[in-house]
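Paired with subunit B in one complex and with subunit C in the other, subunit A is shared by the two complexes that follow.
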Partner chain A sequence: MGDILLDVIDLKIHFFTDEGVVKAVDGVDLAIERGKTLCLVGESGCGKSVTCRAFLRLIANPGRLVSGEMHFRSSTNGTIDLAQLDPKGSAIRDIRGKEIAMIFQEPMTSLSLMHTVGDQIMESVLLHENVLKPEARDRAIEMLQRVGIPKPDRLVDEYPFRLSGGMRQRAMIAMALSCNPTMLIADEPTTALDVTTQAQILDLMLDLQRQDNMTLMFITHDLGVVAEIADDVAVMYLGRIVERASVDTIFNAPQHPYTQALLRSIPKIAMQRDELDPIKGMVPSPYRRPSGCTFHPRCSRRIEACNRIVPSVTELAPGHTVRCLLYENIQETEALQHG
Partner chain B sequence: MARQVTPGNGKNMADDQNLLEINHLKMYFPITQGLFGRVIGYTKAVDDVSFTIRAGETLGLVGESGCGKTTVGRCIVRGYQPTDGEMLFRKADGAVVDLSMLQGEELRPYRKEIRMIFQDPYSSLNPRMSVFENVSEALHVNKMGTRAEMEERVGYLLRRVGLRPEYMKRYPHAFSGGERQRVVVARAMVTNPCLIVADEAVSALDVSIRAQILNLMEELQADFNLTYLFISHDLSVIRHICDRVIVMYVGKVVEVAEGLDIYINPQHPYTEALMSAVPIFNPRQRDRDRRIHLEGEVADPSNPPSGCYFHPRCRYAEDRCEHETPPLRQIDAERGHYVACHFAEKLELRGAVIE
Partner chain C sequence: MWRYIARRFAYMLFTVWVISLISFILIQLPPGDFATKMVSQMLSGGAREVPPEVEAQLRAQYGLDQPVYVQYATWIGKIIFEGDFGYSFTYKRDAIELIFERLPMTFTISLFSVLFIWVVALPTGIYSAVNKYSLSDYLFTFVGFIGLAVPNFLLALILMFLSYKFSGQALIGLFSPEFADAPWSLAKVLDMLKHLWIPVIIVGMAGTASLIRTMRANLLDELNKPYVETARAKGLSELRLLWKYPVRHALNPFISTVGWTLPTLVGGEVIVSIVLNLPTSGPIILESLMQQDMYLSAGFILVLSTLTVVGTFVSDLLLAWLDPRIRLQ
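Entry: the complex of A and B
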């Protein structure tokens, strides 16, 4: 693999609730390459959003970062382990919004209703860069122009409720990109939008990424979007990454039974209307995680050992890893896990 | 003004295959201002829409948010009193009744016949009622049977939608999203309806659950001879489940066609743009140039543009489009293809990428 911007090693985030411990992220390893688009895919509750929030140390109580390392190559301060930083300290605040920016799913709830679009963009510029207000305002207008908002000099003084869904999401992107971040995390940025608007926003994000050689981490549950934009894909299930490969491998030669089943269960625009092949059962409750491989109760290729042994990460080819007992030496893993 | 053609047939339900016939349906919502609620204008959510639903088919209704597709569905279940137009419904005995003329108690028998499935299973079940109470409410209201009979019916339906009958004593919070949607489907089925209006029934569900619910709906359709009006913005789901598709744009029907036809042979520029925006599930077929970028925003239904509502965003628009509203007209009698565009015959439009 080429130039790694963020290297995540064995990340664990657990939520200590009254009903018990929820292992939302349970041992995630993820290397994110500079300038590439990585899609993190999974169903609701699989831990994809929590993983990305952890990069910015935005995990709120009762969640806690239990263990793990997150080595980030800062453009100014060398390599930093984000896991070691104080979540409220100045070091992480220098990174948040400046080096790693984030776009959230619902643009109406993540924009402040009480401030104009321009003020919200200027806020992060004034915070991170040594500029004065008029300069920041010019930057806000320039950013709005870049994301394709018509009449940016007028819209800069508008409140978010005056904008349509697509325009609000553009304003969010303008805000995220205002400080030229090295990495942009987009958490389901197009899920709430219509297909035509979604296509526009995706194209816009890819164009901006190319212009700035930005690293894009894209969280989604929509495999169609993944097929359109990703370079690399990581598939998550119940807090673990079960398969990681190039987008071509994921769609044309997936190896993990979950990835395979997911692809079979999507309706496609095809000549024939075949019956869908759904994954049986439901995603289990986070309080009652299955033992061994968490996917085993729903897996069609389950073997006897699946309910006892947690599969380890197996590399099938350079850049293609999978967590499944079908691809590893079971005796070896068992010996490791049970001493 | 040019009268619209009703897709399917003429008046009085000449075609006995039709279960429901919508003619020139209008639903205007008043915009009020000031202390006394002075009406200053109308939002034309549904503006002169005509179509038919054939018995036993699944009819898809697609369009972007705000196009009026949900309002059409709500008019049919008479959640709204339509402003104008008729909604002819064929009863089991063959008699035809105009649902838009009925009031209050007169509607009761039809509420059993036409049921609805909503989008969000978290907000459409009453959390203070057990699953039994939620599902059997319609039986109770219509005094259909004793408690024991109701329990038997609910138990049967729960089993039919893939849940254990013992679950009927539990409350909705004990179920996951997919299970709740199964309960919602059972609730729609409880009065043995002939038509189900499914408004974004699978949009809020995860992919693995979505496939389960789609399969369940298809099974139930075959077993109980159901007719579906399937409202969705997801074109791949529509392709999977629908026999015919209606495309709406700002309160109007712009195109009606058979299932596959609308994908490979769209005749309206808006349908073409919609098809071009659908993501393709194969990274090897990635082609950003195929996408048609629509200029500007969806028109405001309270202040729509003149002529064809789509003309300000249409790549093929000519002068005529600005002045003259195109009627919905049949362009292919054999396949029942209707389109509201002046230049449908002239334009060579691209279809969706078929896998």
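Entry: the complex of A and C
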């Protein structure tokens, strides 16, 4: 693989609730390549949001980063292991919003309704760059213009509750991009919008990403969106990345049984093959995750060892990895895990 | 915005009118009136019998023989057009004089109590919410519940005892004897401030305790809102983010209730003022109600309620100024 911007190794984030421990992220390995779009897909509750919030150390109690490394190539400070930073310290705050920016799912509630759009955009700029208010304001207007908001010089003084959902999400994007971040994380930024607006926002994000050669990590469970924007795809199931490959490989030659099942369950693709086929079984309770490979109770290709052995990462081809016992030397893994 | 203000203003006038009506009627409700009260006082004072003509004459003298609505109309008309609140039968003085004597003291205590409540409760509530389930959170909760549970008069007695024990003089009343009848001067104001803290703490105690709880709950709600995470993801420090976003949002419910603190404070003040012998409105209202001194009690109630309603109007304006959602609708 080319130039890795963020290298995540064996990331574990557990929530220590009164009812028990939720292993929301349980050994995620993920390398994010500079300048590319990586889509993270998976069913609701599999840990996508928790994973990407962990990059910015935004996990709040009762969640804890239990173990793992996150090596980030900072543009100013060399390589930093984000996992070692104090979540309230200034080192991570310098990265937030400046090097890694984030857009959230709910444009309606992710902006403060009591502060103007301009105020909230300028805040980032004033925080991370050595500029004065008038300059920050000009930047805010320029950003609003870039994200396609009409009359940006008027809208800058407007309050978010007077804007439509699409406009708010554009304002969120303007805010996230206001300090030219190296990487943008978008956590289902279009889910709350109608289809037309959704398409516009996607186009906008892709445009901006290409113009700035920005690295984009895009979270979604809409495989149609994935097909449209992704360079690479990571498929997540119950706290682990089960398959990771280029978008072509994922759609044309998926190897993990879960990826295969996921593709069969989409109406558009399945219809052509005449075999719509939802994934069997229920998503297990977060408190009682299955042993071994967490997907084994629902897997149509399971073998005897699946409930005992946690699959390790197997590289099938350059840039194509999978976590499934079907593709690995079971004796070797077993010896490693029990030896 | 202007329509909002105009509407609030109209509500305010209407409410004041309704209150004047209700307070006047309520005061008429108990059996008997001031004349009967005077007659029974004469009887217990040694008179063997009071002829009915005397009672009727008393009644006519004070206009008590007229129908209620005539009495009301005369009363409210005089207030509006002449600023005349009627006559206090018991004190044999104009009601307005008594009101103006007592009200400023009540106001001073209320004002300082509100300040005390806010200054103590807001930071404590914020701290408790941010450090939820910490040792200090539990401690504040505990102290808060004690503050709610201890009756005001008990607290008054305790503080009086403590002040006597440590300063050698009982801080009863609002002024030291040498200042009680002296004209206003800087020294008198300082002397008052020296006495003021006891009633302020007592009157403000329950309010402080409940405001800590409400602020904590409001802020806990806000802390989990997505806009807080957005602000954090920008790189803002925890303290700046806290003050700019969630605290600002959590304050709204209070601002709209500031106006209503006055009556609860006056209510809480009555007993404290009696125990501490303070020249405020509470005791005199209580007394006028017991003596059926109707113009005095109606006057007090009307003025206090009007102030409350005006206070509410002011907090509505404040809210509109602070919250763009109201200002721009």
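Following the convention adopted for this analysis, the second predicted complex is superposed on the first by the 332 of 339 C-alpha atoms of A that agree within 3 Å, B and C clash if a C-alpha of one lies under 4 Å from a C-alpha of the other, contacts with A are read in each partner's own complex, and residues count from 1 in each chain.
We adopt the following convention: a residue touches a chain if its C-beta (ideal position, glycine included) is under 8 Å from a C-beta of that chain, and two chains touch if they have at least 3 such contacts.
This is a predicted model, so every value here is computed, not measured.
Enquirer: With the two structures overlaid on subunit A, would subunit B and subunit C clash, or do they fit side by side?
Expert: Overlaying the two structures gives subunit B and subunit C room side by side.
Enquirer: Kindly classify A:Q200 by the partners it touches after superposition: subunit B alone (first), subunit C alone (second), both, or neither?
Expert: first
Enquirer: Touch test for A:L132: subunit B only (first), subunit C only (second), both, or neither?
Expert: Neither partner.
Enquirer: Of the two partners subunit B and subunit C, which one touches more residues belonging to subunit A?
Expert: Comparing subunit B with subunit C, the partner touching more subunit A residues is B.
Enquirer: Quick check for you: in the superposed arrangement, does A:D248 touch first (subunit B), second (subunit C), both or neither?
Expert: Only subunit B is touched by A:D248; subunit C is not.
Enquirer: A:P278 in the overlay: touching subunit B, subunit C, both, or neither? Say first, second, both or neither.
Expert: first
Enquirer: Considering only the touch criterion stated at the top, classify A:H221 as touching first (subunit B), second (subunit C), both, or neither.
Expert: After superposition on chain A, A:H221 lies in contact with subunit B alone.
Enquirer: When the two structures are overlaid on chain A, which partner does A:E43 contact: first (subunit B), second (subunit C), both, or neither?
Expert: first
Enquirer: For the superposed arrangement, tell me the lowest C-alpha distance between subunit B and subunit C in Å.
Expert: 7
Enquirer: State which residues of subunit A lie in both footprints, the one left by subunit B and the one left by subunit C.
Expert: Dual-contact residues (subunit A): none.
Enquirer: Of all residues in subunit B, which touch subunit A in the complex?
Expert: Touch residues, subunit B against subunit A: 64-65, 176-179, 206-212, 214-215, 218, 233, 235-237, 239-241, 259-260, 263, 273-274, 276-284, 286, 288, 291, 293-294, 297-298, 352-355.
Enquirer: For the complex, which residues does subunit A have touching subunit B?
Expert: It comes out as residues 43-44, 164-167, 194-200, 203, 206, 221-225, 227-228, 230, 247-248, 251-252, 261-263, 265-271, 273, 275-279, 282-283, 285.
Enquirer: Where on subunit A does subunit C make contact in their complex?
Expert: It is residues 56, 58, 88, 90, 93-98, 101-102, 104, 106, 109-116, 123-124, 127-128, 159, 161-162, 172, 175 of subunit A that touch subunit C.
Enquirer: Considering only the defined contacts, which subunit C positions touch subunit A in the complex?
Expert: The touching residues are 225-227, 229-238, 244-245, 248-249, 322-325, 328.
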